[in-house]
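One structure below.
Labels for the chains are A, B, C and D, by order of writing; each one numbers its residues from 1.
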Amino acid sequence: MTQAPTEDDVLAYFDTLSNWGRWGDDDELGTLNLITPAKRIAAAELVRVGESVSCAWDIGGPGAFSAPGVQRMMLATGELSMSEFRSQVAQAGIDPNRLAPDRRDDDRSSGAGDFLGVAYHGYTVTHIDALSHVFWDGRMYGGRPSSLVTTSFGATKQGIETLFGGIVTRGVLLDLARLRGEDWLKPGESVSPDDLEACEAQHGVHVDEGDVLLLRTGYARKVREHGRDDVARVGRAGWPAACLPWFHARGVAAIGCDTAQDAMPSSYEHVRSPIHSVRIVAMGLWLIDNCDLEALSQTCDRLGRWDFLFTLAPLRWVGATGSPANPLATF
Amino acid sequence: MTQAPTEDDVLAYFDTLSNWGRWGDDDELGTLNLITPAKRIAAAELVRVGESVSCAWDIGGPGAFSAPGVQRMMLATGELSMSEFRSQVAQAGIDPNRLAPDRRDDDRSSGAGDFLGVAYHGYTVTHIDALSHVFWDGRMYGGRPSSLVTTSFGATKQGIETLFGGIVTRGVLLDLARLRGEDWLKPGESVSPDDLEACEAQHGVHVDEGDVLLLRTGYARKVREHGRDDVARVGRAGWPAACLPWFHARGVAAIGCDTAQDAMPSSYEHVRSPIHSVRIVAMGLWLIDNCDLEALSQTCDRLGRWDFLFTLAPLRWVGATGSPANPLATF
Amino acid sequence: MTQAPTEDDVLAYFDTLSNWGRWGDDDELGTLNLITPAKRIAAAELVRVGESVSCAWDIGGPGAFSAPGVQRMMLATGELSMSEFRSQVAQAGIDPNRLAPDRRDDDRSSGAGDFLGVAYHGYTVTHIDALSHVFWDGRMYGGRPSSLVTTSFGATKQGIETLFGGIVTRGVLLDLARLRGEDWLKPGESVSPDDLEACEAQHGVHVDEGDVLLLRTGYARKVREHGRDDVARVGRAGWPAACLPWFHARGVAAIGCDTAQDAMPSSYEHVRSPIHSVRIVAMGLWLIDNCDLEALSQTCDRLGRWDFLFTLAPLRWVGATGSPANPLATF
Amino acid sequence: MTQAPTEDDVLAYFDTLSNWGRWGDDDELGTLNLITPAKRIAAAELVRVGESVSCAWDIGGPGAFSAPGVQRMMLATGELSMSEFRSQVAQAGIDPNRLAPDRRDDDRSSGAGDFLGVAYHGYTVTHIDALSHVFWDGRMYGGRPSSLVTTSFGATKQGIETLFGGIVTRGVLLDLARLRGEDWLKPGESVSPDDLEACEAQHGVHVDEGDVLLLRTGYARKVREHGRDDVARVGRAGWPAACLPWFHARGVAAIGCDTAQDAMPSSYEHVRSPIHSVRIVAMGLWLIDNCDLEALSQTCDRLGRWDFLFTLAPLRWVGATGSPANPLATF
């Protein structure tokens, strides 16, 4: 059985699992380099049922400020028609053409629009981390100084716009909650490489180079039924540091989880988030946080298949350290 | 040759091209109902080269407010390491644990994050319109009252979250600028059904039911070389009303363009934006505005193919009237 | 003793206490018309000690999203000097002049800036309501239709910018918590005209025409010691409807409170917030919500004086329905 | 006649004009310490006419994004009454109590609200700079390291909340445009100490210790008549470095201007903004940028008086590097 690595082991991973320089000094894509054209073609061949499943949560709710750092504010609505609006303001002595030039008093068309704002890193929004999101010893993936991520100009290197072409590859779901026969893993519960391989065996699937690996702990179901955990107090189910060499050996291209990845609390004094730190900084391995994998789990179970075409296209936001996203699994 | 429809013809389209009720009274998906499982499977079979191309513009730039209504503000950066930060504030008499609890003075990890905000409707951001974006006579697609889109709660029906499963289907690019041998179409220039069919013939492609149809006018190239047009003054290349019956007959599921769709100025006194109005309100036909189709055009030309797997997954933002997006074409 | 008005009495106040038309049909200032030049001169004469006290809470806290709808995001900081920044990005192969043109590699100056955003109506931010904030039967103060406050253009009448000249007048603090010998009034506890007059007698002060009247319930102290109440569940101390005729008779120009004004729950089935509704809509009486009156109370007690020069200058934000504010009392 | 200081002279000002330590090592108020209680009392005695004049511009305009970094987005409006809203959504099969709990179908009250956001430093918004806004050699006023102003926590020292008690003192307007008989000073035109004293003589006023000094160049009038200058190209009227010793000698407490202060271009190679740098960093002298002094100028001229009670109360925003403001002059 796999032994949990010591803190010294984990610190050594920064060297032994490092992909710095592996794809050239200028590389900003990390493990996504493992997705080859042949891989994409093979992934598309997994579409045999013609059914797509979202791996994301809804963002926000009906109110303008429905979660911390999540805003949807309306810029125009359908409450008043253009002709009603023009008539009202004209009666109040305001020239409607000053406010809405080039519109007509008998205008039959109108429209609605909105502003969307989000601090997407955190515990509620499904998002992908750019390789500029996490640092270790003041360095980011590839050895670039973290100070290239600045207040005034954002991530001047390794911003999310480097992933403009998106991720199109094979996805595999490992449904650990199902393996263990639980509705959801307990806070703090972690997942060893042995668990992953047991899950592969049960599902009849094998994680290969260039895959996106999704881990279901069942947390999305727990949130729906009981609300969110106070993670700082009770901890979080997820990956332990022991999985890091396994990811490296398998050549995983990106990893998604229905929690924010790191099993917490960490058992290490100095490495609070070994998964975030080693994966992003040393390995250049992309993370997709806070997925909702309930529908995906049900679809996989129904179809008796645990692999699929996985697509994720981040917003091409210059200098951002990630992007909210709606990852799709297509069967 | 196709005759341009009169304004009465266009007004009649609201009835003759209507899809209200076609997929049931509760329908919120409109023409996306035309994408069948078989269509998705066939679309995936178009992936034979293993290459993905983004159809989106970058959003914003290095500055926090780099375009109107586009914000990227940093919440944490890599400029100062956690240990430097803790040392600095401690020297100034501030308890670092009040600001950053649970972090250590010798912390070797740190991270960056940001807030992203955007008023995505408009002329710079690639986005998809929800069916709650446009109204006619106070009604939206399906006959629902426009007043269901409210200031306080957003689109209480037909918000973009109805499209949670995204769009996965065949895409076809009709490269009108290339057909005409121009770098880009002139402002106001429009595209008749005859042009579309000539373009199909030249490309050797046929637009079928359930396809996403992309129109390249070359405007993205013009923007890159000359900056944006003052659309209100000079107009815009795009679709004329004459194409509406053609979309309906072909069963197009969604339409993308490198402009904001409607050829402008409209030749009609009362129907300013026949494409937006008839397509969204009457037909429930989804629009993808402000694409950048330059890379796609070059790829199609290089591969000698004008169809591909098209994927677009909007942010699942509750009550929003659309979503910024990064549509992908995979060959 | 004053009898609590029935619901019919309160509904009648919309007529009997109405100031519609009192200062002309175009009036947008309501009871602030009661502040005459002579009143301002007399108010300034109250400055005999030379001491100013803020009546506002701090807004937000050190974090970017420190309260719902309250944001402070940094646009530039002092973490990295300009010369360090330029050196770093240059080493990474980025031209610093592309990001920060017109700056020098040996620049010794730098600066910090931020974006401030707030949904100021609500329970935490000290603010003044414009007369466009509250409606009754679809009308606002003066009888204008509420539909003049629109999603696209804000308050096209009675926006806060109408108060560009601010409020400069005599202020009076009635310290009801002190009168009752309590640290703070209980949730739901209300304040009758008899109480107000008893408080005047105890303080040796008289509320006159054109005054700003501040009511201390002690809630700010309670918040500091125990956190905020769940107002929807336990209610709120404040004004009952019975005070409305008293405000009218005294000619109060504006009213501030350390809660959000209305004693809650209201005892009326149909008039949820008689104070907000009658005061703003019928009387055009301005409200200042969520004050922190603790320091003011201590200063008044120390100086043995309960009146002072009151100044409040709202941000001149076009079309806003109010403004966050920092009201000052100067002795 | 005053000689323009050399660059070495200006660099020497960082020492010779320094107020570091003058009011103790913990001081965060700088020159505002010069405003004594006696000064406030005397200032209030200037209120002899009872008239208040705003020194601020309107912020924004009717649209949601009416200037770069300036937002007013509506959260609720008066377009639809609560009863109309409830009826509409109920007919669409949505439970109105899910969206708007505790409201009634026959509700007669409704309200409007908004979100206000602003990046107030810049060229359009009237604002006051906190002493954390500008650095020199990585230091801010008092010698504290600039790195105390951080991305994650804002200005952890010398944030604008340190000025919670506001500014209440004597204000003096020096109307240089009027002195020179011009509608406005030309871009780049600067103002020597001799000019200031000539202006004092013409106005019959003397700038004393603890005063707020306002300089009118007439730029606000120019903006109204001709739009804003392209400052980077044509420069800006304002203070030259030569005025710095004069401010120090007179003991000015704060300075306002209808431009962004520094005459530009600076004649110095290494000191781009001597006024901002020396005044804020060395002297701890507070700046109020982008005032609109047109109404004030007319009032002073009409009354034949150039001094008045000056009040400014910044928003108490924790960690902000300044605040938008509406300064008032009361006569």
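We take it that contacts are C-beta pairs under 8 Å (C-beta built on N, C-alpha and C of every residue); 3 or more make two chains touch, one makes a residue touch a chain.
Please read these numbers as outputs of a predicted model, since none were measured by experiment.
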{"item": "Chain D and chain A - chains in contact with each", "value": "B, C"}
{"item": "Shared interface numbering between chain C and chain B [over half = same, under half = different]", "value": "same"}
{"item": "A-C against A-B, pair bridged by the larger set of C-beta contacts", "value": "A-B"}
{"item": "Chain A-chain C separation of Cα centroids, rounded to whole Å", "value": "42"}
{"item": "Distance between chain centroids, defined by C-alpha means - chain B, chain C (Å)", "value": "43"}
{"item": "Interchain centroid distance [CA atoms averaged], chain A/chain B, Å", "value": "22"}
{"item": "Residues of chain B whose C-beta touches two or more other chains", "value": "62, 64, 69, 71, 74-75, 77, 79-80, 99, 115, 119, 145, 147-148, 150-153, 156"}
{"item": "Contact set on chain B toward chain D in their complex", "value": "64-65, 68-69, 74-77, 79-80, 84-85, 88-89, 91-92, 94, 99-100, 119, 144-145, 147-148, 150-153, 156-157"}
{"item": "Chain A contact footprint on chain B (complex, rising order)", "value": "36-41, 43-54, 56-64, 66, 69, 71-72, 74-75, 77-79, 81, 102, 104, 106-121, 132-138, 140, 145-156, 161, 164-166, 168, 232, 270-273, 276-277, 309, 311-328, 330"}
{"item": "In the complex, chain A residues that touch chain D", "value": "62, 64, 71, 73-75, 77, 79-80, 98-99, 115, 151"}
